[in-house]
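Let me begin by presenting the structure, written as structure tokens, before commenting on it.
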Amino acid sequence: GCGGQSAENGGEQTAASDVIKIGFLGDLTGDTASYGKNTLEGMKMAAEELNADGVLGKQIKIVEADHRYDKAEAANIVQKFINEDKVSAIVGDPTTGITKATAPISNQGEVVQISAGSTGPEVVEIGPYIFRNTLLDAVGGPATMDYAINELGWKNVALITSVNNDFSVGLSKIFKDAILANGGNIVIEESVQDGDTDFSGQVSNIKGKNPDFIVFSGYYTEGGLIMKEVRKQGMNDIVMVGGDGLQSPTFWELGGQAVEGSISYCGFSPEQPTDETAKFIEDFKAKYSKDPDLFHAQGYDAVKIIAAAMEKAQSADPKVFRDAMAQTKDFPGVSGITTFRENREPIKSPVYLLQVKDQKWSLLKKVPVDMD
Amino acid sequence: MAFLDGLLPAYYESIIITVGIYIILALGLNLITGVTGQLSLGHAAYLCIGAYTSAIVTMKFGLPFIVALLCAGVVSALFGVLIGFPVLRLTGDYLAICTLGFGEILKSVLFNMPYVGGAMGMAGIPPKTTLLNTVIIALLVIIVMIRMERSRFGRSLVAIREDEIASECMGIDAFKYKLQMFAIGTFTAGLGGALWAHKIMVLQPRDFGFMKSIEILNMVVLGGLGSIPGTILGATLLTAIPEILRFSSEYRMIIYGALLVIMMIFRPHGLMGNMNFNTLVKRTFKRFNAGADKEQKNKKSGMEG
Amino acid sequence: MPLLELNEVTIKFGGLIAVDSVDLTIEKGQIQALIGPNGAGKSTVFNLVTGIYPPTSGTISFKGQTINGKKPYNITKLGIARTFQNIRLFNELTVLDNVKIGRHCRSKAGPFGGIIQPPSVKREEKEIEQRSLECLRLMDLGDKAEELARNLPYGEQRRLEIARAMASDPEILLLDEPAAGMNPQEKMVLVEKIKKIREMGLTIFLVEHDMKFVMGISDRVAVLDYGKKIADGPPDAVQKNPEVIAAYLGKEVI
Amino acid sequence: MLSNFFVQLMNGIALGSTYALIALGYTMVYGIILLINFAHGEIFMSGAFVGLILVTVFHVHIVIAFLGAMLFCMIMGVIIEKIAYKPLRRSTRLAALISAIGVSIFLSNLANLIFGASPTSYPPTEEILFPLKSFELFAGAQVTNLQILIIATSAVLMIILQYFIKNTRIGKAMRATSQDYDTAALMGINVNRIISYTFAIGSSLAAAGGVLVGIYFGVVKYNMGMLIGLKAFTAAVLGGIGSIPGAMFGGIALGVGEMFAVAIGLSSYRDAIAFGILILVLLVKPTGLFGTEIQKKV
Amino acid sequence: MLNIENIDVNYGAIRALVQVSLEVNEGEIVALIGANGAGKSTTLRSISGLVKPQSGKIIFEGQEIQNFPPHKVVEIGISQVPEGRRVFPLMTVLENLELGAFTRKDRAGIKEDINNIFLRFPRLEERKQQPAGTLSGGEQQMLAIGRALMSKPKLLLMDEPSMGLAPMLVQEIFNIVKEINQTGTTILLVEQNARMALSIAHRAYVLETGSLVMSGLAKELAENEAVQKAYLGH
């Protein structure tokens, strides 16, 4: 196997001059395969669009590698991207865990890595080559709680966390602080796990506490199923409020009528087309015949941001275009308008507060975000 | 000292370190399942304990890596004994499911432990694992395993696998031996865990699930239960195969699954059967000698077995 | 003091009394046989003596020391070794390794000894090997040392069981139907071997259905029927005992 | 407090009976060929998907879909056995176990490729089966008609299977085969056919479970076999692997145990408690709740 | 009735049978004797289809059966008391007997035959509901014999049926063999107890390391000096 591989690499290296390689580091076969697959679809679409005109006169080539949510494999992949494929940039995993395992390698190898989705703490601190582009929970979470408690007047909260999902655990912390800061009252905290399908026990517990609303920090699959169980047990007028983890058509595909009225924040909404997103959504539907979700949008934007930085720096060398990328300002992505702070942390504005109406997200409120 | 580091492209270095860690893990499991016949479906749990221990020792107590490495082994072994004490009295599939259960319990507990970051885990672990120290530890483990296999202790373990009642009637305190053996096997897993932690730099409970245990088990069975060279080969192959299959992208795991079935069907006793190191050396040597006279003829048969 | 003594030993399996208050004394240096119909409880007596089952009641003592309730591995160490009616060899091990395991209780290197292999351990290992080879030669298996146990023919497997038991330097050897499946020729060889072992100073406790074999070799014969001892004495007396004839021997024996 | 107890008890029984439904097939295959058939979970998943496709794409009646899924998986189970397990019958059990793991990885990734990694929803119960109705049993403990259906199905299957295995000719042949292939053949038993029957029955049970559980939870996903399969396997062992009533009660015990963990506020330790129960039970009774302990005879 | 023509059987490198030919006529008792490892069991296993001969033919009532699977062989009327008893350890004594009658459909007849076996071996009746694995060695042997009788075979292959049995029962077993032979069952008997075997057999064959070395009337062989020396313990 090794012999064949090196020959192949040799071949690619000579051809490297007329393509710009961007690595896709994601999960295609593991537990988080749905995030990885969607990110990749978004990236491919972006690359296709860019290749119509070329970037710096070259073609973008997405080099895919599946890590099946195994950090050892992810680490090897990043090494391969850097040493063998000689990629210019890596679109990193949407999860914080994998990003933290791979970012130090990228940074040391001086290749730009932009995580399309990781929201946990201490990611960009890993080094100057590490970026991320996603609406930070620290921004969206408080805005949402503020709205629910102060504008809708709901006080009593049932908070549900998915304990095996780091995103959910992190967001729950943010939600909790925001609830308390706004004078809300957490009447019960429950835990679920990603992959669970039965929530009857937790919902029965919640029912006994009569909350005004349910805050869930996890993803759409469990969110939809929890709400179904909530209705099944006869709680007919409370809704779910959550993070952008709920942003997927799967949410109502699974939840049906039960998720009507649910609220979440996000930086991207297929139902709220702006000039940029309208075209993206239309093209996406044409290409994949389904609605895009948050991961599609983030994967798409990541490639576009990289390409823009390359054009600006007139170079595909990460050591060169990294600076241009760090100066990205008001980039009109489909997942929101992005500006990088000095520490490469994104500020995305505005935050949309959305609500499910007739099995679609509809706009409740646009919250502008302070640019510092 | 660091003559090995930087000798190879970083990608290959990274893969070799991964292979080395898996060899260490698989040899520990081989001792438990291959040599002694106690099916464990929870080896990843000890990898996990070793990894977390080592991360805690270096990050929270600021102690050097070598200390962390030892602590990882010892703490893993302690848990091994703690779990082994009740569980090793069970047999066959009941033992298997209990080891599996322990792995799941451990994960569940870690998710709920803020000290180690819960689901977010621990990040920023100093990268102390190098090609050199991995190779040294792997070699040490291999040597220890080979020596043990040939000793009175190793022989008794095989006897327990073959017939526990008869071995008790020969004066072997089967339970005590199983416990000692489990301690050694889990100690080894702990070492692997320490190397893992300081290579990957991030630990999350989800990395150490059931499937990780299964992966390690696959290496042992595929290589040949009870065979040290087999286990090394199995660990190398199964780390390399997904890497080689990388071109096939999302078909990769389908192919991997099918390959497992095919390899088992064609080599039901594993790639190396139960060949031990001695026979391997003898055979290679024989072939080498024979090759001096009849090089031509040997080329054909040299491919198999 | 008798070497092995059973005192009102009883064991029940559910409602079944497999061994029913059996008294038995075996003197040092004797060949004691235990015979009886199928299912009389002979193998069960062996299982009791070697600690596989704890007796429901009664005591078993070896050299004056009570051993019931002790684990098999402790009992072996005291000097009691056995073979099995259904051969139980370590099939995937070589013949020599099988015997080496028999030597287990007379050696002591632990896991660390095995890893570090100090001179004392090496010496011990050498001793194990020599003694094991002696035992193999005793049972005429010297040239089969490197074969896998499972590849031996039946008769040789039976002999290997004896060699393995001998390796533990027992004072008493329990043989459960050692001649089963052997032809008359092989049985004759076996008789010689057993006599030789006795000459080495060992006591032998034997279960066997071949009466020619039993009567020709034993000093004393005890008879079990339905778990109860119905006779005990020198072979010719037992052979004439009408109760034994009715329950076990039948009319035309030997 | 007391009412919450009954509510959670019902929740537990309902959840447990879904485990039981799958555990029955597990335990049956185990009982015959002593193989932990890791692919059983994937067959269950396939059954759920086939049922879904029949209902949503071919618009057949749910009963037909149910039978269709069973038939499909029956064939699939038999083929899997022929390809992946039969050649390994005389090898170590671990070889067959690894082969089963290979099949399981293969099937779940195949499903990932075909159906995607995102979960797919089942049509609402009222559209395909019947409108959900709940009945108040006592003290606030509700039970829906769907739950009753699942509990009843598992119970009926348990009784039929138990009778079948203990009392019919084929059932006895299955047990004999599990203990000694060669001797079973010497009795005139067509061993290959018996094993095929076993897989056919076990796999169609898995499919039935898949469709029912799909309807019940409203969702199917490529990796659901692993997640639920692991619990079902645990249930089977808890009950005493190989024992049919054991699988049923093991499943329910596990479901109820988990639910009480949730009820007392330990929902984040739910899995730990489920497996903790298992380990505790095995320590007290090493062959599971209903497993018969065979005295070792030397 | 049964003709074996030049069969060879190898287990890997071991040549267990070399060009073995023998025949069993309807109504006969034929004994097959030989030392340990001579290939006696292998011969019976090839007839039953448990091992496939590498070459040669096995013909039963005019039909070539060397490629039949074992269950097919049972269906055409050949059953075996296997070496080492091989009872189903987790099934009760009664269930073991019922399995012996697996190919039969006549429920009443089966019941009656079970009762007959209990009459012959009262021990088994006492242990009716006990798992066969916990029976004593001799009890298991009785069960194995009883089980083979349950299929009412035309040809019964018996592999060391007297092994591990008490003297009285050994006598009883040979009586039974004679008796079922008289009621029309043909028997091929492998025995270490060659004296007994030759005393009830019509004809006998002697196997030595995989080859037939002698055959003839049982009485004559019993008087043959070489046979006496090697197998009868004179």
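Observations on the structure shown:
Going by the order they are written in, the chains are A, B, C, D and E; count residues from 1 in each one.
Keep in mind that, in the parts below, contacts are C-beta pairs under 8 Å (C-beta built on N, C-alpha and C of every residue); 3 or more make two chains touch, one makes a residue touch a chain.
Molecules present, by chain and UniProt name: B = Branched-chain amino acid transport system permease protein; D = Amino acid/amide ABC transporter membrane protein 1, HAAT family; E = Branched-chain amino acid transport system ATP-binding protein.
Computed from a predicted model, the values in this text were never measured in an experiment.
The fewest steps needed to get from chain A to chain E, moving only between touching chains, is 2. Touch-path distance (fewest steps) from chain C to chain E is 1.
Among the remaining chains, C is positioned farthest from chain D, on the basis of C-alpha centroids.
Between the interfaces D-E and B-D, more contacting C-beta pairs are found at B-D.
Our note on geometry: chain A versus chain D, Cα centroid distance of 36 Å, whole angstroms. For the pair chain A and chain C, the distance between C-alpha centroids works out to 72 Å. As a whole-number value, the distance joining the C-alpha centres of chain B and chain C reads 41 Å.
Residue positions 28-29, 31, 37, 163 of chain A each touch two or more of the other chains. Touching of two or more other chains is recorded for residues 13, 43, 52, 84-86, 88 of chain C.
Within chain D, residues 109, 112, 268, 270-271, 295-296, 298 each touch two or more of the remaining chains. The set of touching chain pairs reads A-B, A-D, B-C, B-D, C-D, C-E, D-E, using the touch definition from the header. Against chain D, in their complex, chain A makes its touches with residues 28-29, 31, 33-34, 36-38, 161, 163, 190-193, 195, 197-198, 200-202, 204-205, 208, 221, 224-225, 228, 232-233, 248, 250, 253-254, 256. Contact residues of chain B toward chain D in the complex are 33, 39, 86-87, 89-91, 93-94, 96-98, 100-102, 104-105, 107-109, 111-112, 165, 210-211, 214, 217-218, 221-222, 225, 250-251, 253-254, 256-261, 264-265, 268-270. Looking at the complex, you find that chain C touches chain E at residues 13, 16, 36-43, 85-86, 153-156, 177, 180-188, 209, 211, 248-250, 252-253.
Residues 9-11, 13-15, 18, 21, 107, 111-112, 118-121, 123-124, 127, 196, 199-202, 204-207, 240, 242-244, 246, 249-250, 252-253 of chain B are the ones touching chain A in the complex.
Note for the complex: chain C touches chain B at residues 50, 52, 71-73, 76-77, 81-82, 84, 88-93, 97, 100-102, 104-105, 107, 109-111, 113-115, 117, 121, 124-125, 128, 164, 168.
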